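Chain IDs A, B, C, D, E and F follow the sequence of writing; residue 1 opens each chain.
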Amino acid sequence: MFYHDNKLQYPVRVDTPDPRFARLLQQAIGGVEGEIRVCLQYLFQAFGARGPVKYRDMLMTTGTEEIGHIQMLATAVALNLEGAPADTQEAAAAQNPVVAAVMGGMDPRQYLSAGMAALAADANGVPFCGSHVYASGNLAADMYANVTAEATGRALACRLYELTDDSGMKDMLSFLIARDTMHQQQWLAVIEDLGGHTATLPIPNTFDQRAEHQEFSYNFFLTGVEGTPAPEGRWSTGPSMDGKGEFRMRQAEPMGGEPRLAPPMSGSYAQAQQGVSDRAGPQLD
Amino acid sequence: MFYHDNKLQYPVRVDTPDPRFARLLQQAIGGVEGEIRVCLQYLFQAFGARGPVKYRDMLMTTGTEEIGHIQMLATAVALNLEGAPADTQEAAAAQNPVVAAVMGGMDPRQYLSAGMAALAADANGVPFCGSHVYASGNLAADMYANVTAEATGRALACRLYELTDDSGMKDMLSFLIARDTMHQQQWLAVIEDLGGHTATLPIPNTFDQRAEHQEFSYNFFLTGVEGTPAPEGRWSTGPSMDGKGEFRMRQAEPMGGEPRLAPPMSGSYAQAQQGVSDRAGPQLD
Amino acid sequence: MFYHDNKLQYPVRVDTPDPRFARLLQQAIGGVEGEIRVCLQYLFQAFGARGPVKYRDMLMTTGTEEIGHIQMLATAVALNLEGAPADTQEAAAAQNPVVAAVMGGMDPRQYLSAGMAALAADANGVPFCGSHVYASGNLAADMYANVTAEATGRALACRLYELTDDSGMKDMLSFLIARDTMHQQQWLAVIEDLGGHTATLPIPNTFDQRAEHQEFSYNFFLTGVEGTPAPEGRWSTGPSMDGKGEFRMRQAEPMGGEPRLAPPMSGSYAQAQQGVSDRAGPQLD
Amino acid sequence: MFYHDNKLQYPVRVDTPDPRFARLLQQAIGGVEGEIRVCLQYLFQAFGARGPVKYRDMLMTTGTEEIGHIQMLATAVALNLEGAPADTQEAAAAQNPVVAAVMGGMDPRQYLSAGMAALAADANGVPFCGSHVYASGNLAADMYANVTAEATGRALACRLYELTDDSGMKDMLSFLIARDTMHQQQWLAVIEDLGGHTATLPIPNTFDQRAEHQEFSYNFFLTGVEGTPAPEGRWSTGPSMDGKGEFRMRQAEPMGGEPRLAPPMSGSYAQAQQGVSDRAGPQLD
Amino acid sequence: MFYHDNKLQYPVRVDTPDPRFARLLQQAIGGVEGEIRVCLQYLFQAFGARGPVKYRDMLMTTGTEEIGHIQMLATAVALNLEGAPADTQEAAAAQNPVVAAVMGGMDPRQYLSAGMAALAADANGVPFCGSHVYASGNLAADMYANVTAEATGRALACRLYELTDDSGMKDMLSFLIARDTMHQQQWLAVIEDLGGHTATLPIPNTFDQRAEHQEFSYNFFLTGVEGTPAPEGRWSTGPSMDGKGEFRMRQAEPMGGEPRLAPPMSGSYAQAQQGVSDRAGPQLD
Amino acid sequence: MFYHDNKLQYPVRVDTPDPRFARLLQQAIGGVEGEIRVCLQYLFQAFGARGPVKYRDMLMTTGTEEIGHIQMLATAVALNLEGAPADTQEAAAAQNPVVAAVMGGMDPRQYLSAGMAALAADANGVPFCGSHVYASGNLAADMYANVTAEATGRALACRLYELTDDSGMKDMLSFLIARDTMHQQQWLAVIEDLGGHTATLPIPNTFDQRAEHQEFSYNFFLTGVEGTPAPEGRWSTGPSMDGKGEFRMRQAEPMGGEPRLAPPMSGSYAQAQQGVSDRAGPQLD
């Protein structure tokens, strides 16, 4: 279970409130790369963890830290909304700072729906969607999902850092960027903890590879039409990353025939004109 | 631009149609781990690729292959819907195989909305959502997103393999599983091509790390209350994955104070009772 | 900021695992009436709270409790998925409990996407949506949103209680139902704390009512065509709930005229045939 | 403005309640082909109608009829939920008809969330989405959107008719199918009212066609690789539907060059390895 | 069933069209607090109403009024889009008022998708979502959902009132605000009609409270770590709102143990490294 | 299966990059009227096509062309993002073109989430939704869905043409508009190929019309209250479009009675006060 105190993990200070920056911060709260996502992702991975408990406990630990990051960013949004933009360009608007801000690029729903506070949504007002909570039941797959979240999350934080001159906001982002640095390493450390590429690949490593069509397992299929140069790199030649095969390039060609579907069945209410089919016999290839 | 022929990349055969399996296959078409997602993800990464063109061309090549995988799975759905389930349990239903199938676990929308064909949706009928098309503009972040897609995608394909006894379906899945094996390696090969962990971490590697609060960049923060054991592993001690720091465990404590928000401004239409605030002065920490 | 220990707030025990009940429990996790929603709703209300801090601290306190409820329910899902249903009806399926469960009513994505664990989704697999996190910036409005969440949440928990015979699950639900009882009272107690109906209505109570068209503020408009009986009750006569008016029934009639829109402007690419308009002059009523 | 009485447009009778059919009916309420969609679509087209008012008034008239269709279907759902299925297969379940129904294929949310009534969702529980309310501001485009809605809606109603043996439900569906017949004709009649194909095509007909690249306006581009047969039909030869051109088949070939994007700009936080670009000069073709 | 005339319930007049205000009005049409939501919510509650018909008829009556409010707001959007903003700041844009408006803060989809009319979406262009149509089958829960809708809806209308200087728009909003005043009272009047707090709480009042763990039914659980002050108020002491218990504060402590999940089952395709579990025996607490 | 080359179908040139136009172009990529939709729609119709293969092959052919249109538009977005807007109005912003662009109307997620590239989303950042992939299994219904897509798509392209002065962008749009011209004709040509209105209507034409209530099949129901004029046109009199009936106007009146639902069943946890019902006997009409 969970506990709280009333303080922030790291100071959140806004020297010059900027309602437009409040909009941008929403991406770090409710966006695909944001903190609600990583928080729920790590917690759901922990809640469903099967196997050695050290991984579960680690996920729970960092998932709990992330709740506090949502709090920091929501606080930053609220503080940025407290001021009127310094550069209101419209006379009418200038008399009412709220009007100016809403008209000038802030998320109108931070005012209309939240009364000057954060939403569980991204920078375009699209609500957070739980489908981004990746918890596959496979530890290695989940670790790569977590690296992805922290890599895109750190890119987002760096871009937000670029978009503000506020020293308080830069200070907060410098902390969050550092935490993203750590968390990227942490999930990759789990891959190493599990034995690295040769021990973890292919994911899942519990499917008997003799049941997959191994003649295609290490081929880079070229789909370019004639005359299209083959893109070469580490992936096109040499040993595969799992040490179990050799990369090889191969021109893609259809191995199957044309799909042949049965005519519409009577109760499916296709058009009568669809009743005739050119198909002769069942799908065999 | 793109071209097609009228054949399938690999044969799709269904020996015993099973409308319920047609529902499960939807996850591999329109689900988070499915083929529409990887197809659009690789293509959008290619369309927006900046930097060396070999990466763009490789993404385009594999993105194009994935269109054909959507086709294979959609064909598999249509073929599975052609038969009535063998185990209809209801007398009334047995007289109408469509009724039996709809009542017995198939996705009703494959009949109601598609007339016995595939949908751009997952196994629960939730439509494909473009927010899962990750293309961050950062090549390393995108590669991890791609590994995630192929790792969860291969786990999905293995699970589908487990749920069918149809030799045609198993054959098709054996092919798709092999391709997922390759694609996992391929994206990790790009990371190696880029120089591996030390050259790519932290992602993005173009942010000057002196601007992040490096005293927190390699700390594993413990959020457990007193008495909660610390989860130890590769992430809690030793050199960090990027070789630039040392992992260290550290008890999390609030470094910030209590958030202090201004009282509601007059135009925000809070309740009158919220007009009094305990706050004394601006947020300073 | 937030902390955790590794224990559950209340015991979660499953005597007879039932994968179909695991599906139903999803509604209490990721559904509109579920725990992710109340957790984020109370925390976002706290993060954006302006005015007396006692309300913020109370919201934070209960929001933190709710994180533990997500954990309890996710654990209950995972435990219910550990067993095969007792009543597998199909010979083929009986040999593989996973197949039987997936075919027999469980959420296939709990297996396909989560490897036998909970999802951040509802009982139909629809992902949790952040738009249900109500935090309006108006304390009274938010309290009614919270009562709604706990009233529909308790109805949901009672219905789940009805659907299981498992004594462990009934025990867990008896706890959660009791907490919903408390939380309903708690939010209504805030309304009383604020002075009750007369002091809080209409919400927001900071809009000068002289600016609203008060001749319509306490009228129950009848929209039934001639011959439709008027529905009478507390709302149709007597003093209004805020003590500021008298309820009165009144037949609805159009007070405005027909809408008159301008013809399409040239750059809007309507059809040429829309270019003629019957409108004569601007909208005046 | 709008009025109601307390009666149904057409009788809704359920002889043998079937909770599973209640689930299927949801598609006709909240699905893409359903009544909420057509109701809001016609009303929004009316609310935004510019040009001759007869079209607006007609849209308003039929949009109002559709509200009553939502009511009929929601009533049908509620009545179907009143009975237990006749064919409960499980002993435990048989003692509790609700359990049996929820376990046996009904939408669990009709019980869990709605207490045995209809939802604003489709047959898979996916909520109605306002993005399907097509109202483009172009009358001809909207008419085709309406034909689509009524054509897929009638297909849906026919399929539902196939799935029930209940004479009350068949009677209700026979009425709704007839109304869909009318409404298809009605929207096509508007196209004729506007002058038919030659007067309405291409849509919008207010864009000066000299500004489009007319050498491509009536070409059927073949994208098949060498050896792929060209699909011939009314669309490949002869006069075009608008009488303004001749259909012609033409092999698709790239007319543009390779896309050449600039290297990542410094503030976009791509990886350092992306900094080198093979691009020489700006995009010229 | 439903009827209409061609007039508006209340005049809609726009003196100075403002495309940016047209965007903001979208929140009142398709937003969470908007008119599509209340319209469908009251109608679905009516369509599924079980019990005394007076409540159903009242819901139908007001639900029908709300259709006319959608119409008024959609008309207001269309009229606001008819003018160019008075304060175009860009020379290029000034030559084309549509360009200026799209570039200057209006919702581009009101032009791109709707040709200068309203969308079934919110102020950020997020489509209306049917999951907000609360109709729980429990009359008291639904009334609180309705109060919430009208309280957040009135806050929204007041905020919109703040953002416009147009006397026509202010007049229309003064009417809508008055109707929200009435509707708040109306739903609370139903609670009084049902007997008030003591007769309606806890909701649902049909669950035998002896089956809930009543020792927790009136406790305010404190989740703050040591040193965190307890938030006191009406909710922490004194009789509960339903008169059936006494509020009491209590420190939250885990009553359950650590969750112990079984190791991954063989067919779930976890990683091999997850195969070992520290768990000894089934979950007992 | 599918192939590609590395070139564009038609040149994409941007003379003066405009990040705000990059936002607007998103509607043509991921919007309801956009290219992802038509691409997937035609391909899914082809993948599920039953009946004469010429229709399938034609759909596949054009679906493949549309992939290249996504590519063209995504390239156009990337190129538009390469420049700073010429009219930066803010001193602070002027020093950082990215800041200026993000603040000045571009989609912030094109920078924050994509690092200056296209998203699979619309002009408001709402992700593409697979529910718009219409593939009903009925060829005629699908053709009208395709006409709708191309009619709204061409309206969109014309509107985008209106919003740019860039000659490169105008050139690209002139090509896309021409293709939309063709595709509208193409789908209508299929209707003619199938025999036109009399052979295809009503859709589906495989439902025995004797089973529909034909007395309502060609009636235009008037829902206006007394005094509301009837909207007359081609739809109100004369032969129906399918030649099988006569249009006729008819005043709508309720043919059904009041809905009578049973009281709440005991396990549905309605309020006790709902237990009494005024209903006497089952629904009979």
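Criterion: a contact is a pair of C-beta atoms (placed from the backbone, for glycine too) under 8 Å apart; a residue touches a chain by one contact, two chains touch by 3 or more.
None of the values given here were measured: they were computed from a predicted structure.
Undergrad: Common contacts of chain C and chain D?
TA: For chain C paired with chain D, the chains in contact with each are A, B, E, F, in label order.
Undergrad: Count the residue numbers both chain C and chain F use at their shared interface, divide by all numbers used there, and answer same if that is over half, different if under half.
TA: Mostly same residues: over half of the interface numbers shared.
Undergrad: For A-E, which listed pair, E-F, D-E or C-F, repeats its interface with over half of the contact pairs the same?
TA: Duplicate interface of A-E: E-F.
Undergrad: Can you compute the centre-to-centre distance for chain B and chain F, using the mean CA position of each chain? Integer Å is fine.
TA: Computed value for the inter-centroid distance: 26 Å.
Undergrad: Between chain A and chain D, what is the separation of their C-alpha centroids in Å?
TA: That gives a centre separation of 30 Å.
Undergrad: So, what's the distance in Å between the C-alpha centres of chain B and chain A?
TA: About 8 Å, centre to centre.
Undergrad: Would you pick out the residues of chain E that each touch at least 2 other chains?
TA: Correct list: 1-9, 32-33, 47-48, 50, 57, 61, 64-65, 71, 75, 78, 89, 96, 98, 105, 111, 113, 115-116, 121, 124-127, 129, 131, 136-138, 140, 152, 155, 158-159, 162, 203-204, 207, 223-225, 229, 252, 254, 258-259, 261-262, 264, 267-270.
Undergrad: Tell me, which parts of chain C touch chain E in their complex?
TA: 3, 5-14, 32-33, 54-55, 57-58, 61-62, 64-65, 71-72, 75, 78-79, 82, 96, 98, 111, 115-116, 126, 129, 131-132, 134, 136-138, 140-141, 144-145, 147-148, 151-152, 154-155, 158, 161, 174-175, 177-182, 184-186, 188-190, 192-193, 197, 201-204, 206-207, 209, 211-225, 229, 231-235, 240-242, 247, 252, 254-259, 261-262, 264-265, 267-270, 283-285
Undergrad: For a test of understanding, state which residues of chain C touch chain B in their complex under the given definition.
TA: 1-6, 47-53, 89-90, 92, 96, 98-99, 102-105, 107-109, 111-113, 115, 121, 124-127, 137-140, 194-195, 199-200, 203-207
Undergrad: Show which residues of chain A lie in contact with chain C when the two form their complex.
TA: Touching chain C from chain A are residues 1-9, 30, 36, 40, 43-44, 47-48, 50, 57, 60-61, 64-65, 67-68, 70-71, 74-75, 78, 113-121, 127-131, 133, 135-138.
Undergrad: Which of the residues in chain B come into contact with chain E in the complex?
TA: Interface residues on chain B, with respect to chain E: 155, 158-159, 162, 225, 267-269.
Undergrad: Mind pulling up the chain D residues that touch chain B in the complex?
TA: The touching residues are 20, 23-24, 27, 31-33, 87, 89, 105, 122-126, 152, 155-156, 159-160, 162-163, 165, 223-225, 227-229, 252, 254, 258-259, 261-264, 266, 268-278.
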